[in-house]
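Several structures are given next for inspection.
Two complexes, one shared chain (subunit A), two partners (subunit B, subunit C).
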Partner chain A sequence: MSNLLDLLVAGLATGAIYALVAVGFTLLWQTSQTINFAQGEFVMLPAFLMLAVMHAGAPFWLAIILGILLSLLLLGLGFKLLLVDPMLRHGVLPLAIATMALAIGMKEAVKQFFSAEASPFPSIVPVGDVWILGRVVSLQSLGVLALAIAVVIGLTALLNRTSIGHQMQATAQNPTVARIIGVPVERMILLTFLINAFLVALASLLITPIYLAKFSSGEVLGQAAFIAAIVGGFNQVRGAIAGGLLIGVVDNLAAAYVSTQYRAAVPLILLIVIILFRPQGLLGRPEERTV
Partner chain B sequence: MRSGIFAGLLLATVSAATAFAQGAPIKLADVAELSGGGATVGNNWKNGIDLAIEEINAKGGVLGRKLEVTHADSQSNPGVARAQVQKALDNEPYVLLGPGYSGSVKVTSPLAAEAGITQIMGGEAAELTQGGNKFLFRTSFGQQSSMPKVAKYINDELKAKSVAIVWVNNDFGKGGRDVITKEFAKYNIKVAADLSTEAGQADFAADVSKIKAAAPDAVFVYLNEEESARILKELKRQAVAAPLVGETTLVGQKVVELAGDAANGARGHVGLTTDAPVDLVKAFREKFVKKYNYVPDHNGLKGYLAIYMVKATTEKMGKVDAKKFADTLHGLTIKAASEPGILMDVTFDEKGDIDRQGFLVEIVEGKQVVKQVLPKLN
Partner chain C sequence: MTAIGKYWRIALGVAVIAALIIVPMNFNRYGLYILSQWTVMTIAAMGLNLTLGYAGQVSLAQGAFVGIGAYAAAIMTTQGMPLIAALGVAIVLCFAIGWILGYPALRVQHHYLAFVTLAFSTLAFLVFRNEDWLTKGIYGISNIPRPNVLGFATNRPLPFYYFCLGSLGIVSLAMWWLIRSPWGRAFVALRENPVRALSLGIDTRRYTLMAFAIGSALGGVAGTLYAPLTQYIDPVPFNLSLSLDLLMMVIVGGSGFFFGPFLGAMIAVLLPEWLRFTQGYYLMLYAVAVMLLLIYSPTGILGILDRYLTERRTKAASALRAVAKSRLETAP
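Take a look at the complex of A and B:
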């Protein structure tokens, strides 16, 4: 039973990172009907941007700031202007395929210009332990969990309690009507891309010290976050958050109490079950389609 | 004008004659894990090979002929490795080098044997040299040599009565797990937990929780380098206090670099280490660091040695003969005094297994410290 606390904390910490990445999926889908299959690689790249800055001699804190700014530029602005805008006019499917190509390109570029080998990455959260309910719990797990939750709360507050958030939601719900009532739709869509870039940069900062910086590290993360977004509800931010936390915990519990060998299958089974009984996801809303 | 043409022809003739006298380059083919999960293994191996070839060629080559190597990437995937080895063998190399992963060696060694080409590889799974393949040679100890030493250390030095085993679910990991489990049985050491993990696994939280729940006297970790680093970090995160013991892949230089402080205290048996108290190994380390600007792990040594195995065997034969190469290497002892590139006296038996000194090391403040030198058996 005491083991369960360790598993829950570690699972929630990993799940919180899945949630950050999954939220990006839902935000982009809601505002611009974009499924970004390079989302995992979007998490991988910021760590390498920060490492590159550090290799140039900059301290870690400066590398974080520059890494986040570069991520906003490349993964937010650049992604929208150079790939999404030109491709979206051809439909969602060509764009989705283009993001798959982007994922491959990003992986190969990092492998070519940085290294195929894993690199260590400093932790923003201090390494150590705290005692909770008589158990030693990793400070790093708690720190990752706390930071991720703080960002999710901040994002939820932005969406629900600010004028910009309301305009973003209006854009997501019906861009045509939003435009009529004076919402700067294009600006809101760009803001969504920038928020996604910030979220992946933060996820990268939190997960890379544990998973190590490697060109292929986005594969697992992107897949887990995609499943989390569908399980939670692809059209709801709170669904993506719930889905992320759920996948993180289920994955850890399955590895501990079922089998490590079949752990990769458990989220997929969960996904199939959810889709069968609740196609819109746990917290998603059904979308009507007019014919 | 005519004299110019004559001079040119003369020069070309002289150059061709010189090249003929020196002989065409000796072609070697390397297939290694240059990307994927084993990128650390493959890139160290490749760099070791390139360093040795550069040295040998700078001194005139082997029997007056330069060595030339082509590198191919197996992507750490046995299927890709097999295709790359087939491609390499089609070009009729003198010797095939690599791969480093046991699973890849297992699927490629029949191809090299069928072609009659000697394969000098980095795999450590016990079964590789047990099947009677006369063309396969190791650059490091097989598990049948190293695991008994690890088990003896756990029993004699750590006095452990129960051990948790964590192994990677591939040929390398399963081979090591099978051998060490048998060794533990000889000492009546109980296996408190037997955990298989996946190659490339990122999250070890659940595995470490299981280890904590089993409360063993020691933990035997037998994973690839990157995964070793990840589990060391997780073991530290979850404050596992039991001694961590492994083989070369737990205490390698890359693991120490990746795991940072979490590697401190890890100990294990290593067949090769750049921290060995051997002058020739120290000299190798200096040359490698000067060329590549990082300290290699044991795979760098393995690649380097593979080339000097080629050199020593060819010079022993006195000719470049791919068909007789394997016969010559079987039973051959190469002395470091006469061939410094081999670094330590080494003997190859009839199965292609290796005999030389080994080391027991511990990671202390981010560095490998050799605690014990284990002598060559024969």
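Take a look at the complex of A and C:
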């Protein structure tokens, strides 16, 4: 039974990171109908930006700050202005394909300009173990979980408690009506892109010490975040959080109890079942079908 | 289209086909391999174009069907069975799985469907990798023989390329016939407006499933050519990125255009090769090229051509109208 506790903590820790990535994904979808297939690569890149700053001789804390700023600039502002804005009016599919191309480009650029090898990355959480209820629990898992939960709480508070959050939600629900009632829709959309960039930079900071910085590390993560977003509800922030945690836990439990070979299949089967029986996701609202 | 336009088009078609037959004769082994790969990917992309371009269903599973076809060919031909038998098995198998995979398409749309098919892709990859007894797992299947066609051995690269080109020709003709048949028209009606299609008496359920099944079966056909082409297969080429690549080919070429997959596959297979002189930068340049193209023309390359032709036709029509009008005015 105590083994189960370890698995749960580890699962929740990865799940919390999936949740961060999935939240950004749903925010982009809600405000601007952007399906970002490069979301996994968006998590991969900030770690390399931080490593590059550190290679230039800067201390870790400065690298973190610069890394996050660069991420806001490139993955938030740059992504919106250079790719999403010119393509948005063309519909969902060409933009989704363009983000696929972006994912290829980002992977190749990192491989070419940085390294094809995996690089170690310093942890912001002290490495070690603590004893809880007579069990050894990795401090890293706990720290990651705590930080991710703090960010998610902060984000939910921003969305639900502040006037900017309400304006963002109005934009997400119906941009036309939001514009009529005087919400600066364009600014709100830009804000969601910046929030997404911030979340992926944070996820990068939390996950890279565990899995190393590698140009291809975005593939698995991106897919997990998509699944989390869909399972939880494509159009709900809290759905993405629940989905992320669920996928993290299910993934860990499947690896322990089902089979390591087919562990990747378990979340997918969960995904198919949920899509077929509850297409809007566990916590999502049904989207009206447009004909 | 005027009569002259029609002759020009026929002449262009004949020239392209002649070039595809004659020019590769003095290609080296690698050039022929790349060109054969182009034919294989074109067939797979044509299948996806039917599902996506004509029936309007996003599928991220086409790579998995290529994998199923390739494994069918690899397993059966290494056991001494002829490739044509493997082709039959692949078509039936992919058709059946595609039909079943079409059911979610009846329930969920757009991105949800994309994710159901994405899940199927990953599951298929896991099966290829983990079911060692059938697929030899990560070690892969080697020494896949190339077929004898009408008594000619296709072991050498040039005859095998002609075999692939011939297969592409047959598939193209079949597709040409299909999209001009009432079925093809039903597919287009389905894409343009499902509700109106339904009201016109089109059984939308059946045609959606059919588009999925036929598209998937073509993926299987491509796979049965892929296995003898590379003569060695393992699970890696059939992971999700192949499905994404195929989707990119269809969109970049121009989805819903008959020749879209030909151009899309050419860009995806040949452009990275042409950019190879840039060394490590070639995939980066490729990615940038795809993004720029999609920003400029989201309907793909043929979309540009289509826009240009429509514009010219409109201009020609308004010129004719002007002439007619002036004649009317000058008439006594």
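Quick note on the criterion: the second predicted complex is superposed on the first by the 289 of 291 C-alpha atoms of A that agree within 3 Å, B and C clash if a C-alpha of one lies under 4 Å from a C-alpha of the other, contacts with A are read in each partner's own complex, and residues count from 1 in each chain.
By our rule, contacts are C-beta pairs under 8 Å (C-beta built on N, C-alpha and C of every residue); 3 or more make two chains touch, one makes a residue touch a chain.
If you're wondering where the values come from, they're calculated on a predicted model, not measured in any experiment.
Trainee: May I ask you to decide whether A:234 touches subunit B, subunit C, both, or neither, giving the answer as first, second, both or neither?
Mentor: Once the two structures are laid over each other on A, A:234 reaches subunit C alone.
Trainee: Just to be sure I read the superposition right, which of the two partners does A:11 touch: subunit B = first, subunit C = second, or both, or neither?
Mentor: A:11 sits against subunit B, while subunit C stays out of touch.
Trainee: Who does A:264 touch here: subunit B (first), subunit C (second), both, or neither?
Mentor: Both subunit B and subunit C are touched by A:264.
Trainee: When the two structures are overlaid on chain A, which partner does A:216 contact: first (subunit B), second (subunit C), both, or neither?
Mentor: A:216 contacts subunit B only, not subunit C.
Trainee: Pick one for A:111: touches subunit B only (first), subunit C only (second), both, or neither.
Mentor: Both partners, subunit B and subunit C.
Trainee: Just subunit B (first), just subunit C (second), both, or neither: which does A:226 touch?
Mentor: A:226 contacts subunit C only, not subunit B.
Trainee: Kindly classify A:71 by the partners it touches after superposition: subunit B alone (first), subunit C alone (second), both, or neither?
Mentor: It touches nothing on subunit B or subunit C.
Trainee: Can A:93 be said to touch subunit B (first), subunit C (second), both, or neither?
Mentor: A:93 sits against subunit C, while subunit B stays out of touch.
Trainee: Between subunit B (first) and subunit C (second), which, if any, makes contact with A:129: first, second, both or neither?
Mentor: The first partner, subunit B, only.
Trainee: Mind sorting out which residues of subunit A both subunit B and subunit C touch, each in its own complex?
Mentor: Residues 111, 261, 264 of subunit A touch both subunit B and subunit C.
Trainee: So in the complex, the part of subunit B that touches subunit A is made up of which residues?
Mentor: Within the complex, subunit B touches subunit A at residues 34-36, 39-40, 43, 169, 195-198, 200, 202-203, 205-207, 209-210, 212-213, 226, 229-230, 233-234, 236-239, 254, 257-261.
Trainee: Can you tell me which positions in subunit A touch subunit B when the two form their complex?
Mentor: Residue list for subunit A touching subunit B: 3, 6-7, 10-11, 14, 111, 115-120, 127, 129, 136, 138, 140-141, 209-212, 214, 216-217, 220, 251-256, 260-261, 263-264.
Trainee: Which bits of subunit A are touching subunit C when the two form their complex?
Mentor: Contacts found on subunit A: 35, 37, 83, 86-87, 90-98, 100-102, 104-105, 108-109, 111-112, 223, 226-227, 230, 234, 261-262, 264-265, 268-269, 271-272, 275-276, 279, 289, 291.
Trainee: Can you check the complex and tell me which residues of subunit C touch subunit A?
Mentor: Those residues of subunit C that touch subunit A are 58, 104, 107-112, 114-116, 118-120, 122-123, 126, 129-130, 193-195, 240, 244, 247-248, 251-252, 280-281, 283-284, 286-288, 290-291, 294-295, 298-299.
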